[in-house]
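Sharing a structure below in structure tokens format, with a few things to ask.
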Amino acid sequence: MMLPWLILVPLMGGALAWAVQRAGGTAVRGVALAALAVDLALVLAVWSKALPAAGGWLADFARPWIPSLGIGLHLGLDGLSLVLILLTLVLGILAVGASWTEIGDRVGFFHFNLLWTLGGIVGVFLALDLVLFFLLWELMLVPMFFLIALWGHEDRMRAAIKFFLFTQGGGLLMLVAILALGVLAAPSAGLRRFDYFALIGHAPGGVTGWLLMLGFFLAFAVKLPAVPLHTWLPDAHTEAPTAGSVVLAGLLLKTGAYGLLRFAVPLFPAQSHAFAPVAMALGVAGILYGGMLAFAQDDAKRLVAYTSVSHLGFVLLGIYADNRLALQGVVMQMLAHGLSTGGLFMVVGAVQERLHTRDLDRLGGLWASMPRLSAAGLVLALASLGLPGLGNFVGEFLVLLGSWAAAPAFAAIGALGLVVSVVYALTLVQRTFHGPARAAAADFSFGHLAVMAVMVAGLVWFGLYPQPVFDLAGPSLGAVAGTAAP
Amino acid sequence: MGVLAALIPVLPLLGFLMLFLAGARLGARGIAVVGVGSVGIAAGMALGLTAWFLASPVPVEVSAWTWMTVDGFAPRIGFRLDALSLIMVLVVTVIGVLIHLYSAEFMAGDEGYARYFASMNLFVAAMLVLVLAADLLLLYLGWEGVGLCSYLLIGFWYRDPANGRAARKAFIVTRIGDTAFAIGLLLLFTHLDTTDIQALMGRAQGQWPAGAPLAVAAAALLLGGAIGKSAQLPLQTWLPDAMAGPTPVSALIHAATMVTAGIYLIARTHALFDLAPAVRDAVGAIGAATLVLAAFSALSQTDLKRILAYSTISQIGYMVLALGVGAWASAIFHLMTHAFFKALLFLAAGVVIQRLHEEHDIFRMGGLRQRLPLVFWAFLIGASSLAALPLVTAGFYSKDLILWRAWSAGPFGRALWAAGILGTFLTGLYIFRAVFVVFLGPVRTPPRGGIGPAVAVPLVVLSVLALIGGFVETPDFFGGVPALTDFLAPVFPGPPPPGDPGGEAAASIFAALVALAGVFAAYVAYCRRPAMVATILRHPAAEAMRRCWAAGWGFDWLYDRLLVRPLVATARAGRADVIDAGFDALAAFCRQSHAMLSRWQTGQVRWYAAWIGAGTILTVAISVLA
Amino acid sequence: MTAVPPEAAVLLACLLFTLGLAGVLARRNLVFILMALEIMLNAAGLVFVAAGARWGQADGQVLFIVVLTLAAAEVAVGLALVLRIHRQAATLDADAASRLRG
Amino acid sequence: MTGGDLTALLPFLVMGVAVPAVTLAAAFRRPALAASLAALGTVLAFAALWPAAGVVPRQVTPLLMIDGYALYFAGLMLAATLAVLLLSLGYLHRRPEPREAHSLLLLLAAFGAMAVAASDHFASFILGLETLSVALLGLIAYAHGRERPIEAGLKYLILAGFSSAILLFGIALLYLRCGSLSFAGIAFALGRAGSDPAILLAFALVIAGIGFKLSLVPFHMWAPDVYQGASAPVAGFIAVVSKGAVFALLLRLAHDTPLASGPGATVIQAIAVATILAGNLLALLQDNFKRLLAYSSIAHFGYLLLAVLAGGVLGAEAAAYYLAAYAVMTLGAFGVITQLSAGQAGDDIEQLSAYRGLMWRRPWLAAVLVLMLFALAGMPLTMGFFAKLTVLMAGIHGGWWPAVGALVAGSVIGLFYYLRVIALMAAGRPVEAVPEPTRWAGALVLAMLTGVLVWLGMAPAPLMALIRRATLGG
């Protein structure tokens, strides 16, 4: 019964935040924080009351919605969704905190969009009816579009539209695949259903099955993003305001990975199995290509954006390696990337807010005037390069370990990403924080520092004792693992 | 008692956390107390642990917690204290505390004082984790941790971009080796189902016959990690540049401890290398080649720290050579003595450089014997030990053992031995070149300031160690105390080498003579007839040779042309993301289509009617033809 | 009275239709275009009459009357428009009325 | 004619009474009275749908088939007409032209449209269609003293006549071949005799004629010019009522006769693909908002052809829902233009540059327009989402993959220009909203449309159930 509220609370909070706009920015932010905190409490309440059922499902909610089309309101929570929803809400709260001073105009509408995006993302992680999933998948795009288009930087309109077009293009292919799957899996039109459990195991064979699988894969690969469908990402991430970049990198990309884990692979096990080498090759290509481009950028946000391409390459590699090691690595990589890259965007965003530039040629030597900001940036960059002891290492190592078992060649080439990541992460550190002081501004405030502390603490926790996450996500991954392992 | 072993790394870690989080509020004195104190307590505990271990030499293991458990992959946060790790812990903590003490004075007044001690403490913690780790993955954590600290400290003076470049170079080049190490880990776990080092070695010996391809691959990959960290061919290029960091850093990280982690890794996993003879031979060859090439480079440097840097590469080459002939204990022995005398040399050099206003060029130094007597004696002792002057220095015993073991390892060993002998001559030559030029002759730059106790004490203690540290293991013809070998025997089991006291004595005498010849040559060339070198160098071929050596045999040049520039150029050229051009083309196609279709909307009614007519005909045609 | 074979009527209608079509496309004067339209409509009417005759039904004639009415209404409105155009633009050139485009 | 027949015919009878009443009011130059009577007529006719729904389906005279399907579309037409009537009130307020005839023409056109949607006989189709067309002609060229409306009217006159001639020729050929003008009679005759080139020719001509009315590619070229020339409410009326009625007829024709099977299906699919792609591409960088909506409307009817191709209950349901959604979205979009252009003489506010920063100047109107545009783009929580979903499902069910592919590609292209407009409206810095006189009738219409758009976008089940009853009943 609680599950719809998990989606509705942010949506209502967003509307309320907009409504209290006249009362000033603090009221708006307070409402937004409160809504997310309530949502977080709700999640924890659901979790604490849940009795793990078969397959690791902790909670379930099903109501008819449009019976004539076979579409229902079906939400379900398992360990995988739970982990990702927790990440969503925590990052959401941090994003509200990080944009405390950055956003000055239309504060209410900004938080409306932010909370609606978060609500859509939570919904995506819960939806078990494929049409509902698609609906929520699209829903989160619209407020995100506004976040980029209204509060973004110089080239925001183009970036926002590009982001929308790419995601929507992939999404429509997925819609076609969803509908076709529902149509083909039903014995008769009257029995057509888009429920996850009704469709699982009903993938058609032959060319049709392949095309449908590709429909799903493309949608998620755009969102992930997988090379060569990634080109929306650098623009969107670069132009978005800080909170937008944090949500984009930290959460929106994860919906792609979640989609692959929850839908693309389990719905089409045989095709995914055969497709695995291609997907893994794309993952490896993403690791190296994203890293190489990250290194070459002169725009700090763009650099961080490309690192996402590289990091999510590991995710793709791991998903299609498809054994427990790799999948647990994928989950960890998602969480750690959410924190580390989200944090880096906050750092770069703070730099931009203070110095009004992201141009690495005009930055440098920030350590002298902003040691706290720089130290935070350094730690996050280290996480990004996969330093053992921080979460990203656990994720990447497990992915590599799992993919080594599946395909040693891909794992070995993917491991070169460890070298590439050092190159770009240290380039970022050097060109921003080190070198002769070219610019100076006020250091992090206490609030910002607290946000960073949460991020770093999370990364250290994931890096040194990730077991709780693994225990939580394990049962859900059990259902995925082995369905497509080569 | 074993808990103590686990606690040793925790102390510097706590020191790091205090300095990192509250460094600014502690004040200079507080920073020094925390920084030095944390390592000092760790050193004290290490000494206590040694006493206890000597009483009952049984390895202990402590598990803090299981890092993660996924599908059989269950690395532990666990520590193992045995003879090998104990020696390493001692080296790290004792030399560590001395260098921390030295730094308290040496770095005083630097704006990054807290940052410096934080990084140093973190380094010590990571290094202790590295040597104490019972699990290969935890070892990897320490391994990367020390790499990080090395990066942070090389680039400590971050305002100069050159320092940043050197720091990144160090991290990136070692990371290449680390990646090999990581892949080795993947391979080992995948085939042996554990990452616990003891279990891993046991299973490797149980499952793989000698020369098994998997064993060879695993050993080769681990070797990759080791040569990266220990600056051996072909990944040695980062170490000379790493001298950009503060000198105590060079002493601790880039001479005494971190760079020898590769030696430790191979020694720790020696069972694997025993299964891969080909890789072991490669190890020996790499060591021999590195020691000779680096010695030539050391000979042609003018920067005091770079001389020492190349010397470090060369000396680690000796250790690697020892590993290559299976003389595990002698490698560790040399690791230990090298830590003493090389740290000593760096600390002394640090004082020299600081007193001469950051002057690095030895030819602008001179006559410092009278001005800085303590430093002179310390440097001289260090140099003697490095040059392996017979009987009175620690370096003599360790190096001699390596050469003897190489000699007795068959024909391939003899070749390695020859390289070692050549190296011995060169070592004496290059280090005494530095001694004579810097401390004798006329005063070229007057030194300023004196030496406080915090600098003096480490110099004295290390001088003593550099002299007497070799007596833990003396050859048969000179006392015959195999204390270290015996101590390490449980870690490195195997038959004792065939005793041949006569041969060993002869070899020792020969090596000693060669070393002395090197020193004499330096004396001739740089004290008696300084013009001689200049005369030789006037020959273009000699000058070209000198330049080649000075530039580290052109490895940097080669890598720059072969790898760095093409990769950077490719990356910069493709910066705008060529793939995006494809999507741009699609968009352009849509725009073109729009333009074309728009042009057809002429607004002329007859044209529209014509289209309706044409459409009708088309419709008819399709329906009739379909 | 000999019945006209429907084929002949249809042939004639086709001819008329094509003629009208060509007229619409070829003439620039609005009045001529309207006349050409009438011809096309009447071609359709002719087929209706012929078909009605073929099936012996009144429907064909009825439809013909409908078509005639329709044509008349169209011409009436059309001429009114042409008048307004003439008053405003002083031309009856159909091609001149092409401000709306793109 | 029985009482039941009269009950079924009641909505039409109400309209039949309303039209002369409004004519009288117009003749006496009573614009307010004419408008009120017209509104009353549409409301009453709408109310008459309920009693009529009780007695359907039944064939009333050989000309009209009154079934749930016809009533559904009649309701849609009437609701749309009422919306346009109300929107026109404020729009015409200060314009020079007389206002009374406007209501009359709208009512007349709606009457024709209802007849078209209910006809299952070519005679009634032609009659209804021409009533509709002639009334539309008056509406398009309604404005005084400006060139654009006249030019638009002229183009519509010539091209509508041209296409009518083609359509009539096709119908005549069908009649010649089958001996019947009723759909059932034609189907029966064809079922007995099978098809031959003459039939294919006739069908092709009919498709071309209908294609003109629906502005399908390549018969589409008139649409943007006419939308631009006509006033915004009239453009909305053409886009919704005229096209909707003809589409309803096309569906019935395709259902009753083999028009859309065999070669016809190939033709329709080819037209669908061309319409979707060309319509969207033409709108891509269009700078005139009315033309942009015209092209977008072209593309939407390309999507709708998937429902025709799919046929059957699924196709009919999809089309019915889609048309309802389309009516709401299109009227909403044109309604915003109407509201913006209300109370002023001259051309409408239609250049896109005039929409820059609209979100900050007229936040409520802009919000409505944003919602309508997102709905047109098929975004969730609006009717547009389920409209696209149902049509897509119908297309997939029938396996019309080229058309499905075109729909996907077209939707992505379409998204671009909708977003472009939205981005433009969001551009610029926030300013204080300009207080402007609110046209209450229009505002009410827009509020209702927005409410319906969102409500039926979140809970489409009631409307879908209604459609299912209507289509199954027919």
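The chains carry the letters A, B, C and D, assigned in the order they are written, with residues numbered from 1 in each.
Simple rule for what comes next: a contact is a pair of C-beta atoms (placed from the backbone, for glycine too) under 8 Å apart; a residue touches a chain by one contact, two chains touch by 3 or more.
Remember, it's a predicted structure, so these values are computed and weren't measured experimentally.
**Q** Among all chains, which one's averaged Cα position is nearest the averaged Cα position of every protein chain shown?
**A** A
**Q** Does B-C or A-D have more contacting C-beta pairs?
**A** A-D
**Q** Averaging over Cα atoms per chain, report the distance between subunit B and subunit C in Å.
**A** For subunit B versus subunit C, the centre distance works out to 96 Å.
**Q** Can you check how far apart subunit A and subunit D are, centre to centre, with Cα atoms defining each centre and the answer in Å?
**A** Computed from C-alpha means, the inter-chain centre distance equals 42 Å.
**Q** If you average the CA atoms of subunit A and of subunit B, how many Å lie between those two points?
**A** The computed centroid separation for subunit A versus subunit B comes out at 38 Å.
**Q** Measuring from the mean C-alpha position of subunit A to the mean C-alpha position of subunit C, what distance in angstrom results?
**A** Inter-chain centre distance comes to 64 Å.
**Q** In subunit C, what residues contact two or more other chains?
**A** Residues 24, 33, 94, 97-102.
**Q** In subunit A, which residues are in touch with two or more of the other chains?
**A** Subunit A, residues with two or more chain partners: not present.
**Q** Where does subunit B touch two or more other chains at once, residue-wise?
**A** Answer for subunit B, listing residues that touch two or more other chains: 598, 601, 603, 605, 609.
**Q** Show me, using the given definition of touch, all chain pairs that touch one another.
**A** A-B, A-D, B-C, B-D, C-D
**Q** Would you mind writing out the residues of subunit B in touch with subunit D in their complex?
**A** Contact set of subunit B toward subunit D: 590-591, 593-595, 597-598, 600-601, 603, 605, 607-609, 611-612, 614-616, 618-620, 622-624, 626.
**Q** Could you pull out which subunit D residues touch subunit A in their complex?
**A** Counting only subunit D, the residues touching subunit A are 314, 317, 374, 379-381, 385-386, 389-390, 392-393, 396-397, 404, 408, 411-412, 415-416, 419-420, 422-423, 426-427, 429-430, 459-461, 464-465, 468.
**Q** Contact residues on subunit C for subunit D in the complex?
**A** Against subunit D, subunit C makes touches at 6, 10, 13, 17, 20, 24, 30, 33-34, 37, 40-41, 43-45, 47-48, 50-52, 54-55, 57, 59-60, 62-63, 66-67, 70, 73-74, 77-78, 81-82, 84-85, 88-89, 94, 97-102.
**Q** For the complex, give me every residue of subunit B touching subunit A.
**A** 20, 65-71, 73, 77, 137, 140-141, 143-145, 148, 151, 155, 158-161, 164-165, 167-168, 171-172, 175-176, 178-179, 182-183, 186-187, 189-190, 567-568, 570-572, 574-575, 577, 579-580, 582-583
**Q** Please name which positions on subunit C make contact with subunit B in the complex.
**A** Listed in rising order, the residues of subunit C that touch subunit B are 21, 24-25, 28, 33, 94-95, 97-102.
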